[in-house]
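Next up: some structures, all given as C-alpha cells.
Consider the two complexes below, in which chain A is the common component and chain B and chain C are the respective partners.
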Partner chain A sequence: MMMMEESISDNNKQQQEIGQDNNINNNNNRDHNNEDENETIATDIEDISTLLAKIEDANAGSRPPRKYSEQDNSNPEWFKHKKHFFIFSFSGKPIYSRYGDEVALNTFMATLSAMTSFVESQNDVLRSLVAGKHQFVFLQKNPLCLVCICNTGEPQMMIQQQLEYIHAMVISVLTQTNIKAVFDAKYDLRDLLGGTDKLIDNIIHKVNLDFPILLNSVQCIRLNYNTRNSITNILQNRKSDSIIFSLLLVDNKLVSMVKQKKTQTLKPQDIHIILNYISSSTIKDSESFMPICLPNFNDAGFLHLYICFIYPQVCLLLFSNQVDSFYQLSECKDLIVKDIESENLVDELTKSANTHEYSTSQTEVPNLLHFIYKNRISNYSTHPIFTSPYTSKPEKKRLFRLYQHIYNRANNSLNKPHKYYYYTSQTETIFVLINSSHEIYATFSPLELKKSVFESLNILLQWIKENENVLFLST
Partner chain B sequence: QREGSEHEKILFCYPPTISIGEQTNYVGLTEGYILCSKQFSPNQPCEAIHTQKTTIGIYSPENDIYMLLSLNNPAGPLGKDGKREYYEDEIDDLLVQKLLQQTYQTWLLFNGTMNSTILRTGNLGGYEYLRKRLDSFLKPYVKMMPLDQLDLFNALGGIKFLPIDKNIYLTIFNYVNSAEVSFQTTLSTFRFGVLLYKDNLILSSMDQNETRLLYNYLVNQVKVGQDSAYCLPLMASNVDNENQWYTKGTSRRTGFLNTPDNVSKRDLPIIYLENGTKPTYMIIYEQKDTISLFLIDPSELDQLLLKELSSCLVSNFEFINPALEDGYNKKTAFDEQYKYIYFNQMNLAIKASIKSKGAELTKETIKMLNEIHSDFEKKLSSEVTIRTQSDRWIVAKKVDYREFYVIFDNKNINILEVTEEVKNLTSKYFKIDHV
Partner chain C sequence: MVKSKIDVKVVLLGWSSVGKTCIVQRLMYNQFGDTSTTIGGAFSSKRVSVGDVDVLLGIWDTAGTERYQAVNRSYYRRANAAIVCYDLTNYESWDKVKFWIDELTTNEPDIEIYIIGTKLDLVKDNTEPRAVPIEKVRELAERYRAHTFETSSKTGENIPELFQTIAENFCKKYPQGIVTSNGSKNNSSVNLQDNNNNGNKKASSGCC
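Let's look at the complex of A and B:
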C-alpha cells in the first residue's frame, strides 16, 4: 500500500508540473464509504480496473500482464500476428505495442520512426507501404506516430480511420495540449499512459468488428417510443447548470442523449471513446467520477464524467465541466432514478437489454440476409444480428471485411459517394444505396435476380421508415 | 522519376536532374523499406509506397535488381494557407506495377537480361557498361511514356484483333507462308513473326507473351496505324550491336523499317526472344498500313537479300490489301453504338469503342474502372454496377476469363433497364452466358 501512495503522489507531482490541479480537489472527497472509490478518485488518470490490478501487483510494480507480452521481434511467431498496432513518439521512443512488450521492441520502433522521418525530411508524409498481402499504414499526429502492420486486406482508408480512433483514445486520456507539453518537457509519455493498455487493446478489438464505427455512426437501442420519450424528458428536467451532456445507455447502446443548449452534439467518435471506457471498466455497480477529454468536442481540456450503473446494464452518464461537481451529479442521479421509478419505466428499461436485438426475419423483407443502415443526418445506425449463413466467427469476420471493402469503394470517389453500388460475387450480392439522407448496405444471396433485390431493398427502406421512432433517437 | 539499383549502386535514374545525394537517398529508402517489410512478408517484398505527394511502385525483375517508379499524386490548387490538397488514391498500384513490368519487358526484348549484360561485358566494365546502356536505351523510352494518362488500357495490356472471315484468313496465311517457304530452303532460321494492319493484329506465329511484346512495340513505339503527324514514332535500330532509339521522319512509305536504302542490313535491330536469351534479327516491312515482321538468326543474316524479300512481299500484296481495309472499316462502324471495353485474358484480345485517351474517360471513371478491374483480379467479385453522383452508369462483368465494361450516360434509366440493355448487348455481340 505504501508503494501505491508513493506512486500516486509521484503522479500528482508530475501532473501539477504540467499544470493540472484536478486531483487535489478530488482528494478532498474522502467521505465516501467505498474504499475503492478513494483510490480511484486520487489517481484520476489511471483506469479503474488496472488500478485494482496494480494494487494486487504492488510488489512487482509492473503493469498487468497481457497476452503475448513476452514476444518481440526476435521471435518469429511475433511476425505472424495478423494485425499489429504501434504508437511511438516522433523521435522513435516506443509508447505502445499491441503484441509484445514495447520496451523490447525499441529497435523495431526506431526503424519505423526512421522510415517516417526520412520521408518527412523530403517535405512529404509517409502514408503506407504495400508488400504482398501486408500493409504498413502510418498516421502522423505530432508528436505521436501511429502504425498498423496487417495482412487482413482491409482498405487503407479503413485502417487510417482505426488509427484515428486509437489516437483519439490517447487524447481522451491526456488531452492534446498535455501530450504536446509532455514532449516539450521531455517526460516519458508511457508513465502517464500507464494503465491505458487495456483501453487501447479494447478499442482495437472493437474497430475490428463494430458496424457503427465502420459507418462512423452510433447505434441506438431499439426501444418503444413512449418509454424513450419519457426518459428523455426526465433527463431534460433533471439537468443542472453544470451538466453539459446527459446520456443513458443500456447494454452500451444509446437510449437517450440530452445536451445543454448551444453546445454542439457529440460526434460519433467521441461517443465510441466513452463507450470504450465503460466497457473496459470492471466496476459495474457503483458510482465513479473521472476526467475525460473528448477529442472532437474540445481536445485541450477535460470534462468530468460521472458514471453510475443505476440498474444492471443500465448506465447513466453525466458530463460536467466543473471539477468538484461529484456530489451535485450524484444528487442528480438520485432524482433521475426516482423519476424513472415513479413513471414505472424500470421494467421496460431493464428488459430492453435483452430484447432489443432483432433479426432480418423480423423485418419481413424477402431474401434479405443482412444489412447495415445509417441515417446521414443524425449519424445513427442500425443493423440486425447475424443469422444464417453468417453464424460462424470466420463468416461474420468475412462479411465485416466485405462491408469495409464495399464501403470504401462506394464512398471513395473524387466527387460524392456513388448513388448505387451493386456488387455480386460467388458468395453474396450486396446492394448499396446512398443519398443525402441515408445510406444502406444490404446483403442478399448471389443467385437473386436484380429485380427481386431492388424490390426487397425498397421494402426494407419502408420498414426502417415505419420503425424509425423505435430504432433511433428522435432528432 | 525512376531508377534501377543494385546493392548501393544506382544503375539508371531519370530525370537526370535529380542530385546524386537525392538518388542515394532513394536507394537507402527503398532498401530500408524492403528489408523491413521482408520480415513480415518474406515471399512478397515491398511493391508499393504511398506518401502524401507521391505514389511509388517497386519491381524486382532479376536478382538484386530493383526498379522504382515514383509518380506525383495529382494535387489541387494552392490554398490561401499555402497548402495544397493531394489526391492520394488516384494512381492505381496495379497500373504502376504493369508499367514497370512493361518497361522491363521492353528492355529485355531489345537487350537481354541485365545480369547477363553485366557478365557479358565483364572485362569491358560490367556495371559501367550496363549504366551506359540503360541510360541510352531507357531515357528516350521513359520520356515517351504517357504517365499522366494512365488508364485501364495500360492495366489490361490487350491486343486488338481484326476479325476477318475464313477465306481472307487463309489468303493471308498463304501470303506469309509462301514468303517463309521460299526463303527457308536456303535460310532455315528465317521465319514469320507477326502481321498487323494499322493497330490490329491479324496473324502471329509466336507465343502469346512475345506476340504481346512485339505488338506493343509496333503500336506504342513505332505507332503503326496512327497518323504520324500527331505523334513521333520511336524505333529501335542497330548501332554497333546495340539497340538505339531514333525517331523516324514523318513520311510513310513502302519498304523496310530501319533500312535507309532497302539493301544494307546493318541497322536491323536485334531482339532477344525466349526471355532474353536468344538473339534474333527483326525485319519489318511496311506496305500501306500493313506491317509484316520476320525473324532470322544472326548467323544467317548475311545470306539474306532484302531485295528478294521485298519483291516477294510486294508481289502478292494486292490480294490481301483490300480485304484488310474492308474488315477494318466494318469493325469501326459497329463500335460507335455503345461505350464498352471487352477483354479476354486467354487470348489477350481487347475490343473497345472507348478510345484510350478519349473524353469518356474522366478521372473518376478511370479510377472506378481500375478499381473494378483490381477487384476482378483478386477474384473478389464477378459483377459490379455503379451509378455515380453524376448519373453515369458503369456495368462490369467478369465471366471465366473475359471482362466486360460498359458505360451509360442516360440520366433517366433505372437499374433494371440498365441490366436489360447490358444483357442484350452481351448476348448479341459477345455471346457471354448469363448467370
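Let's look at the complex of A and C:
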C-alpha cells in the first residue's frame, strides 16, 4: 500500500504544490496499517494525526531566519558552498537543505529524486555518482532520501556514514514509525520537524570535525579513577523504577554511564544524538524533560529524557520509559546532587571541564604530532588537542580529512581491516595499527624514520595502557 | 509562626516563537536574549510571597512547535494555572490561543487561564502594528473567565506582576494550599499535611 502511494505521488510530482500539501481532509483516508503493531505506538500516531487535523494554520512559516536562507539554485553564491546536504521524501517533497530555503529548492530536489527513481526503476539503488569535482552521495531510508553533494574529496564511505548520523538525528525527533505514518497520511513532515533545523545544522557541523564520530566511538572525559568510580556508584545507587540509563557529562563528554535495567547498551551513534541535543539547546539553568527516540535502541518509540545542568558544564541525564516520571526523576537528581556534595566531588568535576584536554607533549612520546585511538571492545576513544603545526583552521581541517582517507583505506578492504597501514606524504607520516582490541592512528613528521615511528608508537600504546583508567570508563 | 508553603504548577503554552522561553528567562534571571526552539519542556521554579505565605511556582515552559503538542498534554495535566501566550503583532498566534483554551477547558476544567500578549515593546515603540484587537482578547477572556496581561520580556514590563497575580489568585482560591496537584514532588505530601494543619490559621492571616 505504501509503495502504491509513493508511486502515485511520484507521478504527480510536477503538479504538487509542495509545501502546501498538508491536506487536512486526508485524515479520514489515512492508512491504518500500523494499528495492529503495538497499541501504545498506535495511540501515539493517532495523537499526532488528530492534532494535525485540528491545527488550522499548520504550514505558516514561523521559523526564525537561518543563515543563507535567502539563497537558492538561481543564485551563483549558492553553488559556492562546498558541502550541501538535502533531505527529501521518496515522492520528492523537500524537507531540509543545509543552505538555502528548501521550498525554493523544490525543483532541484525533484531532480535529485528523479535520479533515484530512475535507477530504482531498473531494480537498482543509486549510491553515488561523480560529476567533475563534485560527488553526489545518496542514502535511501524509506520514506526519506538523504543526499550530500560536495567537492571536498572525502571518501564516499565517510559521507555515507555522515548521512547515517543525520538520518538518525531525524529519527530521534519523530521515530521511524511516526515518520512512516506521517507519509502514509501525506502530511508535510516539515510541520512536525519544525525547529529542528538547528539540530540538523549542528550534527552536520559535528560530523565534519568530530574525531569520536569519525571512529564511531565515544569520548570520555579524562578524570581520575576514584572520582569516576564514585560517580558511577552514586548513579548506580540512585535509581528509580522508570530509569533505564543514567549518564553524567562534563563539557559534553562522558563521565559515567550506568545501565539501570537489563537491556542493550547505548550505541555510540545514539550517544552522539543525545550530545547533539544538549549542545544545541540554550537553557542551561532549568530542568528539561523531552521525548527522544534513540534509533539504535528502539526506532519505534520514545524514551523520556530528563536533562539538568547540576553545576556549570556538569550535566545529568536520566532516561525514563514513563511520560509522567518528571517529578520522580527530579527527586532522583536531588539525591544524586546530595551524594556528589557529601563525597566532595563537586570541585573535581567542575575543574575537569577545563583540565581534561591534553596535548601530545604530555604523553612524552618523541616526535608525535597527533593521534586518535579507539578501544574496539568498549567503543571509547581518545585524542589530544591540536598543537603545532595544526593550529590554524585550514590545517586542522586538512588533518581531519587526511584521517578520513586513512581510516577509509585501512578499513575499507572487503575482508578484515588491515593490521598495519603506513602512509607518508610531503606533510606527514601516519602509522595505523588495528587489531581486535584497538585501533590507533598516529601522526608524525614526514621526515621521521620508520624505525623511530615504530618505537614511538610502542611508547604511545604503553602510555595509553597506563592511563586507561583515566582516559576511559571501565567496562 | 512557621511560614506556610504552597506549590503552584504553572504551564506556559502558545504558538512557536511567541516568546514563552523569554518570559521564563526574564522572570528567573532578569535577562533578555536569543533563545532557540524549545525541545520538549523545561521546568524551573520561582519563589514568590503572598502575605506571609511562601508560594513556590513550578513553571513548565513548553515547546510551541507542533510535534510536541501531543506531549504538551502531559505538561499541563494537573496544572493549576496556564499562561496562554500570543504575539501582539502576529494574528496567527492569536488563532492558536483559542486552540489551547479549548484543549484546557476540555481536559482541565479547574485550571486558571491567563491570556498573555507578548512583545508589547514592539507595539509601544511603533516598530510593529498591533495585530490583535484588544476587544477580541477581552471578549475571549470574558467567555472563559480568563485573566489578561500584555507583557514585554525585553523591558520586563508586567512579567513580575503576572506571576505575582497568579500566586495571589491561587492563594485566594485555595487558601489551604494544594488541592488538586498530586502530581508534584513527593515531598508535597508533607507540605499538604502542613498546610492542612495550619490551614485555618493561614486562611485568616495569609490571604487578603
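Keep this in mind: the second predicted complex is superposed on the first by the 413 of 475 C-alpha atoms of A that agree within 3 Å, B and C clash if a C-alpha of one lies under 4 Å from a C-alpha of the other, contacts with A are read in each partner's own complex, and residues count from 1 in each chain.
Operating definition for what follows: a residue touches a chain if its C-beta (ideal position, glycine included) is under 8 Å from a C-beta of that chain, and two chains touch if they have at least 3 such contacts.
Computed from a predicted model, the values in this text were never measured in an experiment.
Undergrad: Between chain B (first) and chain C (second), which does A:T111 come into contact with in this model arrangement: first, second, both, or neither?
TA: Only chain B; A:T111 stays clear of chain C.
Undergrad: Which of the two partners, first being chain B and second being chain C, lies in contact with A:G195: first, second, both, or neither?
TA: The second partner, chain C, only.
Undergrad: Is A:E331 in contact with chain B, with chain C, with both, or with neither (first, second, both, neither)?
TA: A:E331: touches chain C, not chain B.
Undergrad: When the two structures are overlaid on chain A, which partner does A:P143 contact: first (chain B), second (chain C), both, or neither?
TA: neither
Undergrad: Of the two partner chains, chain B (first) and chain C (second), which one does A:Q426 touch, if any: first, second, both, or neither?
TA: first
Undergrad: With the touch criterion stated at the top, can you tell me which chain A residues are shared between the chain B interface and the chain C interface?
TA: none
Undergrad: Would you tell me which residues of chain C are touching chain A in their complex?
TA: Its residues touching chain A are 15-17, 21, 24-25, 28-29, 34-44, 61, 63, 65-71, 74, 77, 92, 95-96, 99, 183-187.
Undergrad: Which residues of chain A touch chain C once you look at their complex with the stated criterion?
TA: So the residues of chain A touching chain C come out as 44, 47-48, 51-52, 54-58, 60, 62-64, 173-174, 191-196, 198, 277, 280-283, 285-292, 305, 323-324, 326-328, 330-331.
Undergrad: State the interface residues of chain B toward chain A in the complex, per the touch definition above.
TA: Interface residues on the chain B side: 25, 28-29, 32-33, 36-41, 43-54, 87-90, 93, 363-364, 367-368, 371, 375, 380-391, 415-416, 419, 435.
Undergrad: Going by the contact rule at the top, pick out the chain A residues touching chain B in the complex.
TA: Checking each residue of chain A against chain B gives 73, 79, 111-112, 114-115, 118-119, 122-134, 136, 149, 151, 156-157, 405, 409, 412-426, 447, 450-451, 454.
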